[in-house]
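See the structures that follow.
Two complexes come next, and they have one chain in common, chain A, joined by chain B in the first and chain C in the second.
== the complex of A and B ==
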């Protein structure tokens, strides 16, 4: 019995030490990526390529999801608001929900599962097939050449995707409430225009999406770089990227919301 | 003769597992030297030590008279520009064509105009006989072709030291002959020094100048190919002639055979 207790305590200790070690290694990796970012800007073509992979190739899922989320918001909002005789305010509801919350959060979650998982798998496989070692052997720093451009590509793409998500979502809400249900078009747009504030709503939404972009891309790249060089290791790292970055987005969203919209 | 690589009393361990135990080795300039031994005996670890990818627990690794394991990152990278490495399965960049793979290092380390970079890369591909495959992606190349493209990439900047990690693994006899021939020819033409880590004895003994035999993290024998072929050391003899039984038994030591087959329990 005491042996089993000691064994389980040892397991807890091992996991704790391992977790702290990974946190430290992850932070050092993130810092190193920032410090060696010069290549990403000096040879901006490399970063543009990654903006294409992470951003442009995620456009379809972002546009389609944004449209449906906007349409659902329009339907649900109209359903509730008409009970109080203020169905024209549905435009405000759709726009505020999207710019403040759903745009950055849902776009972030989609970005994590589409682009984040792809980054982890790509870096993990590059490591498993010794491409990263080969690059180091050629005196080319893989952090500067491979990780940096992907990091900045992700960080630049994410707010753009969130903005597109929100814009398409507003259009989806317009389609359902104005075109299909028949809410007055002028009231829909004018109420939205007067209620949505650039600094409080749109700028805060952009800040959120930048923070999510940094978190998701950093997690995805670290998981790929730290993945054991086996098929099982890469698949585990890809799963961890989606789970960890989704949780990070939701946790960070709460913290940022608490700071940004307190007292409004 | 001057040595390009000198390994002095080097020990290395992964965690608590010792991999190299007091290795001493010298690779003369201009020669092709092979390191042979069973899988897991520490051959690849030795290559990684020479490249400075890992540091020894004890001893020192010198390349061109300079101690690799005490170099800072910038110095190490400068030293690596004079080295080329061929990995076991090529390690080609899968998102680039054969030509782009070869051009990669030239582009990263020189300020040459783009058309000159591509011309140089094409010349390296021509040297390994694959100019015609310049537009192909790594996934379209056979194992032997991928290895040749990787060889062209390894010699892209005319290195003084070329390292080969299991260059013959998984190749058909023709590709194997082509690679071993290229290995020797490129070494002599470029005036380079080569280290070949392998367990393909017969093919290697035809092309190398000197052989180190490793077992269990230590050098157990060394000599010219003829000395190795005629060696009376039981382990070397078994390894060179591929004998099934010898100092390395066919059966891995284990417990009672009848117990493993659960015969004792059945009898009881």
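== the complex of A and C ==
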């Protein structure tokens, strides 16, 4: 019996130490990526290739889900607001919730599962097939050549995707409430325009999406770089990328919201 | 291959920036609902416009005939000067009464036009003289309370 207790305690300690070690390794990896990112800008073609695979290939899922999220917001908002005789305010509701919260957060979650998982799997497989070791053998820095462009490609793509998500979402809300239900379009836009502030709402949303982009790509690249070089290891790392970056997005969103919208 | 890839990335970046512009302008600034060719402007002065906003609808008999173009404060007369753009198809007599109304109890405020009997019509840039300000709910309640209190005083 005591041996079992000792064994489980040892397990807890091992996991804690391992977690802290990974955190430290991840931070050092992130810093190293930043320090060696000169290559990503000197050879910008590499970064553009990564913008293509992270951003352009995520466009369809972003546009379609943005449209549907906007339409659902319009429907639900209208349903409740018309009870109070202010169905015109549905434009404000759709625009504010999209620019402040749903745009960055949902686009970030989609980006993590669409682009982040692909990054992890790609780098994990490169490591498993010893391509990264081969690069080191040829004195090519894998962090500068492989990790850096992917990082900057993701960081550049994410705010653009979030902006597209919000804009398409507002259009979806417009489609449902004005075109289908028949809310007055002038009141829809004028109430929205008087309530949405560029600096306070739109800019803060963009800042959020930049932060999410950094978090998701850093987590995805680190998980891929740190993955055990086996099939099982790569699949585990991909799962961890999606779980960790989704949690990071939601946690960071709370912290950023608390900073940005305090006292309003 | 390289060319099409760059093309797609260019389209993506353009779409992102366009989305930002749409957010900044469409969600931040007014856009004309009627073309400039099909409209004319009329003005009206109000003591209090309440919550009226630019591009709110202008209605006559419940039909939207125009939009509020701009709202300015006249520093000399201390009134609000509202400019409206009206669809060219509709003309209104000079003694049209312009009032600020509310859709529902707490809804959006809009301008209601009630045509008078004058044979001359309002032209581009002219000011309608008969106006009725927005009903401010607090004032209304205040008046109600005062009159009730006065009634109570008389009974004693």
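Operating definition for what follows: the second predicted complex is superposed on the first by the 264 of 264 C-alpha atoms of A that agree within 3 Å, B and C clash if a C-alpha of one lies under 4 Å from a C-alpha of the other, contacts with A are read in each partner's own complex, and residues count from 1 in each chain.
Criterion: a residue touches a chain if its C-beta (ideal position, glycine included) is under 8 Å from a C-beta of that chain, and two chains touch if they have at least 3 such contacts.
Predicted, not measured: the structure shown is a model, and the values here were computed from it.
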Quick one: is A:170 in contact with chain B, with chain C, with both, or with neither? Answer first, second, both or neither. second
With both complexes superposed on chain A, which partner does A:147 reach: first (chain B), second (chain C), both or neither? neither
Residue contacts on chain A - larger count, chain B or chain C: C
According to the stated criteria, A:86 is in contact with first (chain B), second (chain C), both, or neither; which is it? second
Per the contact definition in the header, classify A:133: touching chain B only (first), chain C only (second), both, or neither. first
Across the two complexes, what residues of chain A are contacted by chain B and by chain C? none
Taking the complex as given, what residues does chain A use to touch chain B? 125-126, 129-131, 133-134, 136-141, 145
Residue ranges of chain A touching chain C (in the complex, touch as defined): 45, 48-49, 51-52, 55-56, 59, 84-89, 95, 99, 157, 159-161, 163-164, 166-168, 170, 184-187, 189-194, 196-198, 202, 206
Residue set of chain C touching chain A in the complex reads 2, 5-6, 8-9, 11-13, 15-20, 22-24, 26-31, 33, 53-57, 64, 67, 103-108, 110
Parts of chain B lying in touch with chain A, wherever the complex brings them together: 51, 53, 77-78, 80-81, 83, 85, 87-89, 91-94, 104-105, 108-109
